[in-house]
Structures are given as structure tokens and as C-alpha cells.
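The structures considered in this document are given below.
Next, two complexes with chain A in common: one pairs it with chain B, the other with chain C.
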Partner chain A sequence: MENLLEVKNLQVHYETDKETVYAVNGVSFTIQNGETLGLVGETGAGKTTISLAILQLLSERTARIPKGEIYFKGKNLLDLGEKEMQLIRGEEISMIFQDPMTALNPIMTIGKQIAEALRLHNHQGLSLSEIEEKVDEVLKMVGIPPERKTEYPHQFSGGMKQRVVIAIALACEPQLLIADEPTTALDVTIQAQVLLMMKRLRQQLGTSMILITHDLGVVSKVCDNVAVIYAGEIVEYGTLRDVFSGKVHHPYTVGLFGSIPSLTAKTRRLQPIEGLMPDPTKEVQGCRFADRCPHVREICRRESPSIFAEGSHQVKCHLFREEEKHA
Partner chain B sequence: MYKYVIKRVLLTIPVLLGVLLIVFTIMSLTPGEPARLILGASADQAAIDAFNQLHGLDATFPERLWNYLKDIVTDLDFGRSYRSDKPVFDMILGRFPITFMLATLSIFFSAVIGIVLGVVSAVKQYSKLDATLTVTAMIFASIPSFWLGMMLILGFSLNLHMFPSHGADSWQSYVLPVLTLAVSAAAGLLRMTRSAMLETIRMEYIRTARAKGASPRDVIYKHALKNALLPVVTSLGISFGTSLGGAVVIETVFSIPGLGMLIVNAIRDKDFPLVMASILFLAALFCLVMLIVDLIYAFIDPRIKSKYLN
Partner chain C sequence: MPDIILETQNLKKYFKTRRGMLHAVDGVNLRIERGKTLGIVGESGCGKSTLGRTIVHLYEPTAGKILFNGTDISQLKKKEQKRLHTDMQMIFQDPFSSLNPRMSVQELILEPMLVNDIYDTREQVYAASAKLMDIVGLAKRLASAYPHELDGGRRQRIGIARALSVGPTFIVCDEPVSALDVSIQAQILNLLMDLQDEMGLTYMFITHDLSVVKHISNEIAVMYMGQVVEKAASDELFAHPLHPYTQALIAAIPTPDIDDGGFSDLEPIKGEVVSPVNPAPGCRFAVRCPYASSGCTDQELTLKEVRQKHYVACPYIETEEENDNTKV
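Now for the complex of A and B:
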């Protein structure tokens, strides 16, 4: 089966007057139709940057993509022009941003904001009243009474706003939804509701999804595959089973889980790991996790680790390469 | 909404009362006798005493204040000018259209120029055009308007003979004073619009709109502009008030017979009723403009509107 999305060795740098931020350093992953990939990592790991690179919404002035390809349905998005990307954004790939409080235009009714997405991709030539009907339909789908479409964002609670944001993203029934920490800004009780709804809609519409999150509980409930990202690199990648109950793990993943968890473990939040991520403005020789790694060796500071693979499970660490050698 | 308007109108009463007290006190404290100033240095003591008695100037300060307030409250009588003996409001309303025209024209032009260039400057941030506009605006915002007025007279009237240097007889005579007033207001509005626009463009909902597939152009005109103009509307209202005040200076520079000139002459004569009424009139007008601005604001910003409705 052809991949819906294939990101290949993606690098993203932000070049400001003073310095270069190495935000994403050679990331590769694939998503197939109907699949959900969880992207897990600390703040500053480069998760949002990857999402924006896929949608080609990075700041034109500072962001550079020195290397990499992003194939969506066989086309490299990095080769497309702005006009072609506009046809893809919102229609084939949608994105939900982290903070629903600021993600909606405060002086436009929510109905108009949903209708805008439908109008921009109106290939069927729907009339205004047909678009309105579609808006009602989408609102019902996310559990908002259609009568409320003439209201403004400030009249909605945080959870309801996030439903509106989801309605906008799903209005054109995209094939890929990128959800950037969609529930982080919400109350815990609301988080579960919103997540459940997203999962239901995703199944109903057959949408593939990249779910960016801090919450390992969320990952275990929603995702098919998991990529653990550290300092702009994927350090561990595999199926849910691989990452949650595989035999080998990247020391960073181990740190993230506190201990190696099982699929049956209760929801657990990311455990803080001692130390800080390396300065993203410095080029690194060797492993980026070396300074925080309990198993650090001399080779880790010298050479960038290559990928240790076992079936679908990949770990980017020297530990296993050497074990292999000794064995 | 009605309730809010009524509340705001009632709130202007203490404001105007405060203005009245301050101006009345200042006028009483500053040296110079109206009788001497109006009747002339050669007037004899009897004429001066008669003048003072006629206008109640022989009374003490509290008595005069009391009488002034009493006339206003009971008969809505703001008195007559000492010099012309005409009712003050007739004089004010006779002069006001010229000042209103000056202020309105200058606000209109400064709004058009300032907002358009401010948006351009923000959209083209970091370009040469943006840098040029920003520096130019900074220069014009810091030039005192009376000096600019005099330079314009020097250049366009005395040297080039393109526009008259004084009076308000034809539309040509409005060109230089309006330009003088509009330039600094436009510079302020440009800076304001630019920064509001830059702030808005960074907002997350702008990115949401782009993620929907909207073009950068659509995003700017349909989402960013209206949001960025919210604070600009308020500053437009304040600019209108300021340019009414600025008109006082500009009318003197260009010898335009407007309200500003009337006030300046009245202050020189210590023509009490005329000064008091003119300033109260301007203050009331300013309150009215600010009320209109707030209503416009509520009209374009649903967040404010729903606050008023509750």
C-alpha cells in the first residue's frame, strides 16, 4: 500500500540575525491511510516545526529546509508553490493548533469561520444555503447545536472552542489531520471528551492523523504508531506495542515513561528527566542525549548513533549496536 | 445599550463640571482686569467701576462662581461676551464650522494616509519601504505643528504662491492648515496601525486561517485588518479631540477666524464668559466624540458589545 505521507530525512533550521536554531535534524516517518501516529517529546523538541513544515506554513523569513522530502500522496510538498499548497491546506491536510483560546478570530462568528473553509474548497459549487447546511452538519458532528453558529468565540468555553477548531479542520473531510497538542490547554475532564470525539470522528471519516502530545495515556489510547522525538530527532519509532512493550528502548524513552510501562498501565504524564535539552543553536557531534543519558559512553560523544532496527521497531542509540557486537 | 449611552451621557456632567471649575479658577488667578483690557488704558475709574458692577466682577470669587453656575443651571445662560455683548454661544457657533471643517478634513486625510501606509508598512515588514515609512513617520510625529505650519507658509505661500497664507475664504486656504494638522496625526496613526497590524499577524487565528487554505492576501484583509483596526479607532477619536485643540494653534499661525482664534482673543481680553463657554463647548464635544468612538467599538467588537448588553 502506498504511504499517505512520507517524511524523509527532514531538516528545518531557523536563521535569525544572531543565530541558527537547528530545530529539526533529519526526521523520517510514514503514515498510511487511516493510521494515527503519535509524536511525543518535550517542549522545544521540534514537534510544531515538523507540523508547520508539512503544511508549508513556516515563517518564510527565518525558516529554512536545507534537506528532506515530504511526500503526500506521492507528491513532494516541498516542490509545490504557494497556490498549490493552498488547495491542499484545509482540504487534504488540516491542522489543529495547541491553544483554542487564541486559534479563533475573535470578531467573526464561528459559523462564518467554518463556512470560510468550505467556501475556499468549494469544488462542487455549493450555493450559499448549501454551505450553511454543511456548516450545521459539521457543528452537529462535533456536538455543538447549529443555532450557536451566529455566536462569537468568546461566548464559548475552552472545550467548546476546541470543538469549533476541530469542526473547521474537519469541515472539508481531509485525509490527514495534524493535531498539535489539541487537549493540553483544556481542563482534564474536558480533555477526555474532546479526545474521545476526535477518535470517533477520525474513525467515522477515515482520516489519518498525526497526534502531537505530552500525554502517554493519550498515545496508548489513540495511536497506532509512536515516534519519540528528542532535540529534533526521532530517537525511537515503532508501533504502539513496540514502544510500550518492546524489549529494547532508547534511554530517553525509558526516562519518559519513568520505567518501561506496559499497555495496561494507568495513564501517566511525562516524567521530567534530569538536565536540559542541548542548546538548539549549537551543532552537535555525537548523540544529542549524551549529557542526560545514564548509560553514556565515550563513543556517544564522538559519533552520532545509527538506527538499531528490529522489525518495525527502531531505536537510535549506540547501546544496542555495541550489545549486538558483543553478542 | 441604551442604558450604557445614558450612563455615559450622565458621566459627562462631572467631567464638564471639573473642567468648568479648573478653567474658572485659572482665569480668576491669572493677572489682568477685563475692564482695563476691554475699555482700554485711557478709561476712567467710573467707567471701570460701572463695567465691573455690570458684569458682577466686584463680587468675591465664590460669589462669582456661584452666580455663574446658577445662571447655567436655572436659565442655561452662559452669558454674553464682555467685548461684543453678544450671547457667547452665538459667537461660538458662528466660528465653530471653520474649526470643525479643519479638524474633520485633517482627521479624514490622516486616517486614510496613516492607516493605508501603516498596513503597507506592516505587510512589507523588513523591506526598504517599511524602513522608509517608519523613519519618515517618526520624523513627522516629532515636528511641532506650529513650526511645520510656518515652514509650509514660507514654502508654498511666500515663495511658490500656490496657496494663501491666511484666512478661510476659499478651499485653497484650507490646504496648508489641513496638511499641517494631518501630517502629524497621520504619522501617529501610521505607527499605531503598523504595530497593531504586526501584533495581529502573529496571532494564532491568523495561522488557523492559513491552515484552512486562505491566501496570505485574504488573511490580511479578511482577518488581520479588522482586528488590527480596533485600537486604531480609539486613537482616531483621541486624534480628533487633539486636532480640535491643535486647531487653536494652527488657526493662530494661519490667521484663520475659527473657534481657536476666538478663544485666543478671548483669553487675551479676559473675556470670561466667552472663554468659559468655548472651553466647555470643546470639552463637551470631546466627550461626545469619545462616546461615539466607544459605540463604534462596541459595534465592531462583539466582545465589548456583549459586555454592554449584560
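Now for the complex of A and C:
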């Protein structure tokens, strides 16, 4: 299958007068047509920075991309100018932001906000009435009665607002959708409604998706492949099955799973990861997880680990390299 | 007889709004056993935080009784209330806005002890604050740090130290881990459970997260629009959820499990929570309930015991005895 998106060794730094923040440190992944990739990690892992880099929405003042390439349908997006990017953004790649309360314009009806996206990318030369028809169609698709298109965002509940945001993102039928924590702000029953709807639309439209989340539960319901991100690096990458039930795992992935209270098993104590994420303003010599890792060895602090691969499953850790040698 | 530390009897808290009375908490009867944890679970706007705040007297109850150690505290005078605060404390959701940004860690922990005149001398207060920092796992070097210098987990540890500083026996924890990352969340949950074991604390643990509430609670009450719709021991509730709302809630949790068909057979409940202003009589879940009929809205529903210590407010769920009778 053809790669729709290929990110190669991407690095993103934020530079200010005082310090440099190493937000993304050499991330590589691919997305094929129709695939959903989950980017999982905690606050500050660099998930959102990666998506902003793909869309070239990083702050021009502070963000630098010292290394890396982002190929979308064979073109390196980093070589494109702002004019060319505008043709891709919202049309071929679009984004759903985390907080539907702030992503919508409060003084514009939702119908106008959806029509705006269609108007700005109107290559087919649709007439105004055709655009209105399309707005109705998109609203029906996300389960909002088209009569409500003359209402303002504050007249909708949180779940409905997120549906509007999804409708705007899907209006131009993009090939790639980046969803940044699309259900984090929603209640669990509403989250289930929205996740099911996104799954259905994806199948219907054949859209590829990057789902950014901190919730392994959400990933397990929606994604085909998973990349676990820690301190700006992918520490584990593979199919859903690889990451959830593969033979070997990165100690950070193990810690993430150990931190979630189980609904089925009876556990008196959780097994959290001790300590905190490393300071992103410091350059690290060895493995970035070393300070919190229960299996840390001397080599971990000296050398950055290379990738241990087993079929589609990749783990960036010294632990398995060693085992391989012993075997 | 179980040793009941806190009991609410038909507790109500209404707020006046322009459109009418908002029934935030509407007739809640709960009992919490000393040394145990009662989990309160529900979605946003179900009144769970208002319930917690009314119990610790941050809100005046509209009606009903709150019995703490057997005495009614709902009608206390200001002075008597203050004494109560050394027995009852609260841990807040957002460790970013619940701490004064201009106070250092030590000042923040000292404050409740000074306000409540817990100790006679300054030395005692300082010694107590140092001990508290140790108990909640804050390093000594952080004593003079300010909240903005700390991460969410450490800030929540300050919130816990402040609550513990006056020596309470009962703590209302209002979504204490919701703002935290999952690995930090696990650290704080472990800390809260260790403190309970060591000090014999009683918790009322308010959360929207069902896996967290199952993990920490002995008993769980499920709230919907100001009312408790189901109440049972933690394991019992998850093994036999009876109320249609509880069933829908549990089914909607995305568990990190890849062999359950990925939600493919899930039928999420339709619609959303309706307005709690001047609610219609009867079951408030009826408009979203797949089993609803006229029997749900013509009568006020009360919790009834349908299995041992398992209470449900739904007219269609029969008690085990009734079931047995019909079988005979």
C-alpha cells in the first residue's frame, strides 16, 4: 500500500532567549491510506507539536525544525511555501482540536462556520446554494439536524459542539484527519457516541487519521497502529496487537498500563511510574526514560538506545538489544 | 451495627436561576462507614460536586439533614461550623487554581493550622508542616518553592497536606486526580489509599472516572441529575449493574482491551443530560432510557433494596424476593 504520510526523523525545538526546549527528538512514522495511527503519551510528550509540525502551524517566532522530513503524497511539506500549504490545510489534511468550546467562533452561526471551510476551498466552483446543501449534508452526517445550522455555538452542548468541529474538519473530505484529544473534554457516554461516529465516518469516507490521546482505552477502540511517545521520542511502535499484547514492551509502556486501574481485575495497589518526565530544556545523552526506569543500566545513561524490531513491532530500549546478544 | 460517620437524610440543594429552581442535589440519602470510602460517580452536571460541597458546608443545604458522628450539622452557626472544619476537609480538583500562587509550599501548608489554632507555639506548627511534607512525599527542599514551579502531581500533594494538616477524620475528595496524567494519577491514588490505611481516614471520593472509583471505593453511589439512581458495594455494582444508566455508563468506558470487538456492538445511550431546572417528576433518566414507559414518570422514585445492600431507583427492577414469589 502507498504511504499517505511519512514523517522521517523529525526534530522540533522551541527557542527563546533564555533556553531551548527539545520538544520532538527524532520521530519517524508512516500512515497508509485508510489507516488510523494513535499517538499516545502524557502531557508534554510532544504529541501536539508533531501534529502542528505536519500542518506547519508551529509558531514562527520560536519553533525550529533542525532536522527531518514530512512527506505527504510524496511531497515534502517542509519545502512548501505558505500559499501551497494553505491549499493542503483544511482540504487535504485537517485537524480537530481538543477543546470544542474554544475551537469555534462564538459569534458566528455553526452553519456559516462549516460553509466558511467549503467556501475557502471551493475548487469545484460550487454555487452558494450548493454550498448550503453540502452544509446540510455534513451536519446530517455527524448527527445534527440541519435546521440547527442557524444557531450559535453556545446553544449546543459539549458533545454537539465537538460534532460541529468534526463536521468542519470533514466538510472538504480530507485524506488525512489529525484529531488532537477529540474526546478528552467530553463525558464518557458522549465520548462513546463521538468515537463510534468517527469510526463510522472514517470507514465511509476512507479517511486516514492520526489520533492523539493520553487514553489507552480510546486507542484500543479506534486505532490500527500505535506509537507510544515519551519526551519527544517514539519509544514503542507497532500494530494495536503488538503494543497491547506483544511479547516485549518498553518499560514506559508497561508503566502506562500499570497506572490504569482495572475494571475487571482486583488490584489493591497500582504500579505507577516513579518520578517525572525529564526537563525538556536539557539535552540528554542516553535514554530519556533512564531516570524513571526500573531496569536502568549503566549503558542507558551513556548511549541513546537504538530500535529493537520484531516484524512490525519496534521498541527503543537497550534491554532487548542485550537479550538478543545473549540468545 | 456499622459505625456510621456521616449520613445525609433527604439532602437537597437548589439554586435560584432566572428560569426557575435548579435542582442540583435532590433528595440524597447516603451513609458512610468510618474508615471506608464511598465513591460518588456521575457525568458533568449531575450534582456530585455540589453534594460534596454541601456536606462540608461550603453551601447551605436547601433542605434535609447531614448527620456527622450522629449530630445534625446542617443548621450550625458560623462559630460551630469552624470547629467542624478540623474534622472535615476537602481536596479540590484543580491543583492549579486551588492554591494561592503567591504563597510558598510551606506557607500553604501552615495556613490551615494557623487559621484553626491547631498548635500553641510556632515551633510546633513548623514541625508539623515538615512532617506533613514528608507524609505526602514532598521533598524538604521544596518548602520555599511556589506552586507555579511545581508539576500537577506535586501541587495535588500540597492540597492533600493542607487537608490533612488540621487532623480531619473525614475528607471529601472532589475529582482529585482528574487533572493529572495517568502515571501521576496512580501515584496520588496510592498515596490516598496509604494515608487511609495509616490514619483510618474516611473518604467521600467524587469522580467521573469509573475505573478510578472502582479502584478506590468500598461502596459506590451513581448519581444522575441530582439523584442517586443506584448504590452498592463496589464489586457488586460492577458485577451486577442494574439501573439502565449505570449499565450504559459502564458499557461506554473504553477499557484498554483489544479483544472486545472495539465498541462494535456498543449502543451508546441516545441524547444528553436535560436541564436540571424545574425537572419533570419521576425518573430523570426516562427521556434517554431505552426501557422507559409511563410508569417511570407518574411516580416519584425512591431507592429500594433489590439485592443484599444493593439499592436501585427504577420501577422495573424487582427485588429478589418478589422474583422468588413470582416463580413460586
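Details
Basically, the second predicted complex is superposed on the first by the 313 of 327 C-alpha atoms of A that agree within 3 Å, B and C clash if a C-alpha of one lies under 4 Å from a C-alpha of the other, contacts with A are read in each partner's own complex, and residues count from 1 in each chain.
In this section, a contact is a pair of C-beta atoms (placed from the backbone, for glycine too) under 8 Å apart; a residue touches a chain by one contact, two chains touch by 3 or more.
None of these values were measured; they are calculated from a predicted model.
Contact with chain B, but none with chain C, is seen for A:A117 once the two complexes are overlaid on the shared chain. In the superposed model, more residues of chain A are touched by C than by the other of chain B and chain C. In the superposition on chain A, no contact is made by A:E173 with either chain B or chain C. Of the two partner chains placed by the overlay, only chain B lies in contact with A:E91; chain C stays clear of it.
By the touch criterion defined above, A:D187 reaches chain C but does not reach chain B. When the two structures are aligned on the shared chain, A:H154 is found in touch with chain B, with no touch to chain C. When the two complexes are overlaid on their common chain A, residue A:L57 makes contact with chain B while staying clear of chain C.
On chain A, the surface touched by chain B in one complex and the surface touched by chain C in the other have no residue in common.
Chain A meets chain B in the complex at residues 55, 57, 61, 82, 86-91, 94-95, 97, 99, 102-108, 116-117, 120-121, 152, 154-155, 165, 168-169. Against chain A, in their complex, chain B makes its touches with residues 126, 203-205, 207-216, 222-223, 226-227, 230, 300-303, 306. Within the complex formed with chain A, the residues of chain C that make contact are 43-44, 151, 153, 181-187, 189-190, 193, 208, 210-212, 214-216, 235, 238, 248-258, 262-263, 266, 268-269, 272-273.
Interface residues of chain A facing chain C in the complex, by the touch rule stated above, are 42-43, 157-160, 187-193, 195-196, 199, 214-222, 240-241, 244-245, 255-264, 266-274, 276.
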